[in-house]
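Same chain, two partners: chain A is paired with chain B first, then with chain C.
After this line comes the complex of A and B, so read on.
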C-alpha cells in the first residue's frame, strides 16, 4: 500500500496546482459570497413631480429607520436607468401620500423592498390620520414615539426549548458549502487517477506484482481521502483562527464530520468511476453532475427555501446535504453527537453502498 | 494445419506431442471470447528455460490477449496455462513471482522521473534500501539511460520511454520476460538498443523471453522459435529455418524495373508457376514455384510490354514471405 500512496504523493508534489487551486477557490468563494451578504441593499428613491424636497426627505428618514435596506435620493432618470440596466433591483418614486415601486422583474428583493415601503407608509399615514384628532400635534407625536418605544405588549421570540433564538449565520453555511463542494472536485479527480492508471497499463503492472488488490485500492483511497480532508480542514482552520469567523465551540467535531464526509465523497467518486467507462468520460460527466448537488440540496440558500418534496427527496442521496446539516447544527446551534447522529449515519450508509457498488463495477469491467 | 505438422511428426517418431512434455511455461488450448467475438481460439504454445520465442502476427491477431492470459491478467474461457506443470489459472501468484511483463503501452508515471518510476516499481516488488538502489542503476545501465535518470518521463522521446518501460519490468530479476511489441513507433537507435537489451537478457542472464511483434526482422534476429498468429489462431510454428522450409518449393523473385507496369504484373500473374505478384516501390515481387524455364518467360513478357529489367534478384524466403504465403497478406496489412 505504501508505494501506491507515495507515488500519488510524488505526483502531486510535482504538480500541486490542482489541490492548491481548489483550496484557494474555497477560500475565495467564501470571502466573495459569504462576507458579501451582510451588506445593506441600496435602493434609489426619487420624488414625484411637484413634490417638495422637505416632504421627500421626511419619507426618506422614515424609510431609513430599518436596517436591511439603505434608501438614497437619486435623480429620476438615473434611478430608472439603473433599474432598466439591472444594476439595481428596484427604485421607489415618492409621492406626498403614496409611492410607486419601479422594477424590471419581480424577485425576492423587490418583494422585500415593497413590504418595507408599504409598512412604513401605512404606519405614517395612520399616524397622520390620527393626529388630525389631536389637540397638539407635537405632543401627540412625542407620546406616540414614547408609546412605540415602550409598548404595552412585547413579542419575545424563543426556540421550542425555550432558549434564546439564535441568529442564523449564512456566511458560515456558505463557508461549509464551498469547502465541501470544492473538496468533491479534488477527491473526484484523484479517484479518477485509478481509471487513468488502468488505461495507461500501470494498474496491470501492479496487479502482476506482489501488491494485493486490497493494498492497491487502499493506497489510492487513503490518499484521496487524506487530500480531501486536509483541504477542508485547512479552510476551516484558516477561517476560524485567521479570519476570526465564529465556527462555534466544537471545532474538533467539525473536523471529524469533515473526515466522515470526505470518506463518503471518496466512495461516491468510486461509484462514478465504476459507472463511467473511461477517464475522459469521467472528466466530462463529473464536473457537470457535481454542481447540481449543492443546488438541489439548497446549500446556497437559507434553510427552508426549498420546499419541493421531490427535490428534497433527491438531495437525500447527496453526501453534501447531510454533511452540511451536521456542520451547521454543530457550528450554529452547538449540537452534540446525538443531534447530528442521523446525518452522520446517512453519510456512512451512502459511503458503504457507493464504495461496495463502485469497486464491484470497476472489477467487473476487467474480466 | 502447419502447427500440427511438428506434432504429427513427433508422434510418428514415437515421441509425445508437445503438450505432453513438461515445459517451463506452456499454454494449452487457450480460448478467449469478448462479447461473442473470439479473440483467441485454441492457442497452444510453450517456452523452455532460457529460450527466446517469438509470437508473430499482424495487429488484431490476438497476440496481446494471448500474453495477457499467459501472464495471468486475463482468465481464459477455456484452456490452461502451466508453469513447470502447475496451473496458473487457479494460482496466478505462481507465475507472478517469476514474471516480468513489458506492456505494449508506456505504463509509467509521466509526471515522475525515470529514477522515481523505477523506485516505485521496485518497491511494489518489495525491493528496498541498497538492494533497490543497485537494481535501479543496473537496469538503467542495461537500457542505456543512466545519465538521464533524473529527467521526467514526459520529457523523454518515445524510444527512451520504451526503454524505461522495459527497465521497469526487469527490476526484480524475472526468470521469464514477456515483451508485447516493445519497439512500436520508435527511432532506429532506440530500437537497436532495445533489441540489444533483449539479446543481453536472453544470452547473458539466461532469461526466458516471449517476444511479440509484427516486425519479422526483429523476431528473426532475436528468437530461436517462432509462433505465427492470425485471426486468433496459431497458423504456423517452429524454428525460423523450419518455417522457411514451408516455402522450399518456392522462390521469391525481386524484379527491378525502369517503370511500373500493371499490364506486365497482370500477365505475370497469369503464368502458371506464379503464386503471388506484389507491386513494390521500384518493380515487382513474385513468389513462384521452382522452375528452370521461368526467367526467360519473365524477360519475354517485359519486352512485350516495353519495360526494361534493371535487376533480377532471387531472394531466400523470409518469415514475411512465410506469412504472406500462409495468409495471403503482409504483416502490416
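After this line comes the complex of A and C, so read on.
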C-alpha cells in the first residue's frame, strides 16, 4: 500500500469529522438543491379590487390545469414588489372577465405566461358565451370537452428516425451539475493539502525519506480522487436506489464517467496548485474560479440556451461540460459508448494536459 | 492599532500576485460573463430565434377538389353543399397555419424556409435548422373531412427535431396554440345547440382582453450590472478570507505570541485585521465598480443620490467584511489550522452559493433564495439591485441596518471568543 495514501487515510480516520462534514454537506446540498428544484414556474396572482374571492378561485383553478406553470394566490403588494425586485418574472391580476400581466421585463417566460393565461381566458369566456345558447350547460361543457379530447388537428414531435422525441429532463441536468460542481470543492480542498504539507515542511522531509516522488504524487492524487469519486457515487446511488430517480439503464456507465471526471478535476486542481504558491492563495482563487465554470458551461440552463461562439469555445476547456454532456446523454438519451466517446476522450485529454503542466510547475518551483 | 493595521495592509499589499488576482480576476469575470451571457437578466428573446424548415407534402387544391367531389356524391341539398364547400375554403387548416406563421410576432422568433424532405433531414443533421415542420400528404383532406363532415381520424402535423430543446418547445408551443384555437372553433361549430349566429357571438374576437402592465420606475438590470455587483461582492468576501488566512502563517511563525510579548493588547491585533480588511475591501470594491463603470457604463447617468447610496452600501459592506475577517481570524486561533480553514471554506461556499454570488439565484429553490438574503453578500446584492432599480431609500436603510447589526454581532462574537492574554 502506498504510504502517502495510507498517511492521508490515517489523518482523516483520526479526525473524521472534517472530511465527513465536508462530503456530507456537499451531498446534502446536492440533495437540497436537486430536489428543491421545481420544474414548474411559480406565478403569483391577485384579484382586482372589488372582485369576489369565489371568482378568483374559479380562475385560479382553470389556470392551474396546465402543467408548466403553477399559479398561487398572493397579496397584491407582495406580488408587485416581487416582480419589481425581479424575484419573479411576472404576476397576474385577475378581473371578472379580464386579466393583466404585471411584468417589469419582457422575456420568454413572460410571453409563455401571457400565452397560457390568454388561451385559458379566451376559452373560458367563449364557453361562458356559448352557455347562453345552450339548453343544458353541463351537457354542453361535457360535449365540448369530449370533442376536444379527440380533435381533428394534432401536433406530434418526432426525431429524424421517426421515434418519439424524448422529453428533456432539466432537473436531472441540474442534479448532475450540482453533484459535479460540489465534488470540485471537495477534491480541491483535498489537493490543497499538498501545498499545506509543502508550507509546513512535511513535503521536504518526505522527499528525504525512501518514498519516491512518484509514490508521493500518486498517494495524494489517488486519495483525493477516491474521496471525490466516493462523493459523486454516493449522490448517484442515493438518487437511483434510495430516492428512486430515473437515471437511465446504464448506472455503471454513469459511475465510470464520474470516475473519469474526478480524475480530470484532480488534474485541474493540481494545475491550480502548481500555479499558486501557497494554500492561502489556493483558498482564495479556487472558490472564486470554480463557480464560474458551470455558469460558462451553461450547466444551469437548458441546452442550446448559450449560442455565443466565444463562450462555447471557453466551455470546452472545463471538465464539467464534457462530464455533464456524457452523463446527460447516458441518463436521458440512453447513449452507448460510441456516443459519449468524444466527451470522455476530451475529459481524458484535459486531465492529462493539466496534470502534466501542473506537476511540472510544482517541480520547477523547487529548484 | 495603527501599527497592526499597517502590518496587515502591507502584508497584503506586497503580495502582488494576490493583488492582481483580487483586482483583475473580477474584471475578467465581469467582462466574460457580461458579454457571454447577456441573456438571463436582460431580454433573452433573441436567443430564442430559430431557423425552421417547412416540408409541404400536402397538395391543398387537390385535397379540396377530392372533398368537393365527395360532397357532391352525398345526398344533400345544393345549398348545403355550396355552404360546406365555402366553409372548407375558409377553414383550410394549412392556409390558416401559414398565415399565423407569417405574423410578425411569430416571424421574429421562427424563420421559416420551405425545403424538400431530403434537404430538410440533411440540414437538420448539419444543425443548420433547429427543426422542421412536416405537413404530411393528404393533410388538408383528412383534416377537413373530420372538421366539416365529422368523418375520419383527423390529421396530424409533425415537428421533427434531433433533440428536445427550449427552442423546439417554444415552436411546439406556438403551433399547439394555433391548432388549439382551430380545434376549438370547430368544436363550437359542431355543438348541436349552436347555430351560425351563436357561433359568431361565441367566436367573437377576444384579443382585446388581457394586456400588460409594465411596472413603472423600474430599470432593467443588465447582466453587466448584475455581474459587476455579484462578483465584486464575492471578491470582497474573499479578501476577508485571505486576510484571516494570513493569520495561519502568523500563528505558525509565532507572530502573535511575539506581539503579546511587546505588551500590546491582543484585541489590537484583531482590530488591525479588521481595519485592513475594511480598507482593502473598500478599495477593491471601489476599483472594480468604477472600472466596470468606466468600461461598460454600468451606472451611466445616475443621480448624485444614487452614488451616495452606493457609497453607503459599500462602506457598510466593507465594515461587515472586516467583522467577518475578525471572526475568521478568531477561528484560526481557536481551532486547528485545517479545521479553521475548512470551516471558513465551507462558510464562504454556503454564503456565496445561496447568496447568489456563485450560482445565479434563480436556479435555486425558493426557500434557499429567501435564506440567501440572510447572508451578508446576498443581502447586499439584493439591496444594491433594488437600489439600482427603484432607489427606495427606506428599504435601503432597512437592509443596511440589518447588515450593520449583523456586523456588530459578528464583531462581538469574535472579540468575546478571541484568546485573551495568557490563554493562548
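The working rule: the second predicted complex is superposed on the first by the 246 of 367 C-alpha atoms of A that agree within 3 Å, B and C clash if a C-alpha of one lies under 4 Å from a C-alpha of the other, contacts with A are read in each partner's own complex, and residues count from 1 in each chain.
One rule holds for everything that comes next: a residue touches a chain if its C-beta (ideal position, glycine included) is under 8 Å from a C-beta of that chain, and two chains touch if they have at least 3 such contacts.
This one's a predicted model, so the numbers in the text were calculated from it and none came from an experiment.
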| item | value |
| --- | --- |
| Contacts of A:205 with chain B and chain C, given as first, second, both or neither | first |
| Which of chain B and chain C A:242 touches, first, second, both or neither | neither |
| Greater residue coverage of chain A in the superposed arrangement, chain B or chain C | C |
| First (chain B), second (chain C), both or neither touched by A:105 | second |
| Which superposed partner A:292 touches (first chain B, second chain C, both, neither) | second |
| Which of chain B and chain C A:14 touches, first, second, both or neither | first |
| First, second, both or neither for A:117, with chain B first and chain C second | second |
| Touched partner set for A:6, first chain B, second chain C, both or neither | first |
| Contact residues of chain A, present in both the chain B and the chain C interface | 15, 200 |
| Sites on chain A touched by chain C in the complex | 15, 18, 21-22, 25, 29, 32-33, 36-38, 42, 80, 83-87, 93, 97-108, 110-112, 114-115, 117-119, 121-123, 125-126, 129-130, 133-135, 140, 143-144, 147-148, 150-160, 165-168, 174, 185, 189, 193, 196, 199-200, 276-277, 279-281, 283-285, 287-289, 291-292, 294-296, 300-308, 310-311, 314, 333 |
| Chain B-touching residues of chain A, taken from the complex the two chains share | 2-4, 6-7, 10-11, 14-15, 200-202, 204-211, 367 |
| Interfacial residue positions of chain C with respect to chain A in the complex | 17-18, 21-22, 25, 29, 32-33, 35-37, 39-40, 42-45, 47-48, 93, 121, 124-125, 143, 146-147, 154-168, 170, 172-173, 175-177, 179-184, 186-188, 190-195, 198, 201-204, 206, 209-215, 218, 220-221, 234-235, 238, 241-242, 245-246, 248-249, 252, 337-339, 341-342, 344-346, 348-350, 352-353, 357-360, 363-369, 382, 385-386, 389-390 |
| Chain B - residues contacting chain A, complex | 71-73, 75, 96-97, 99, 101, 103-109, 111-112, 116, 120-121, 123-126, 152, 168-169 |
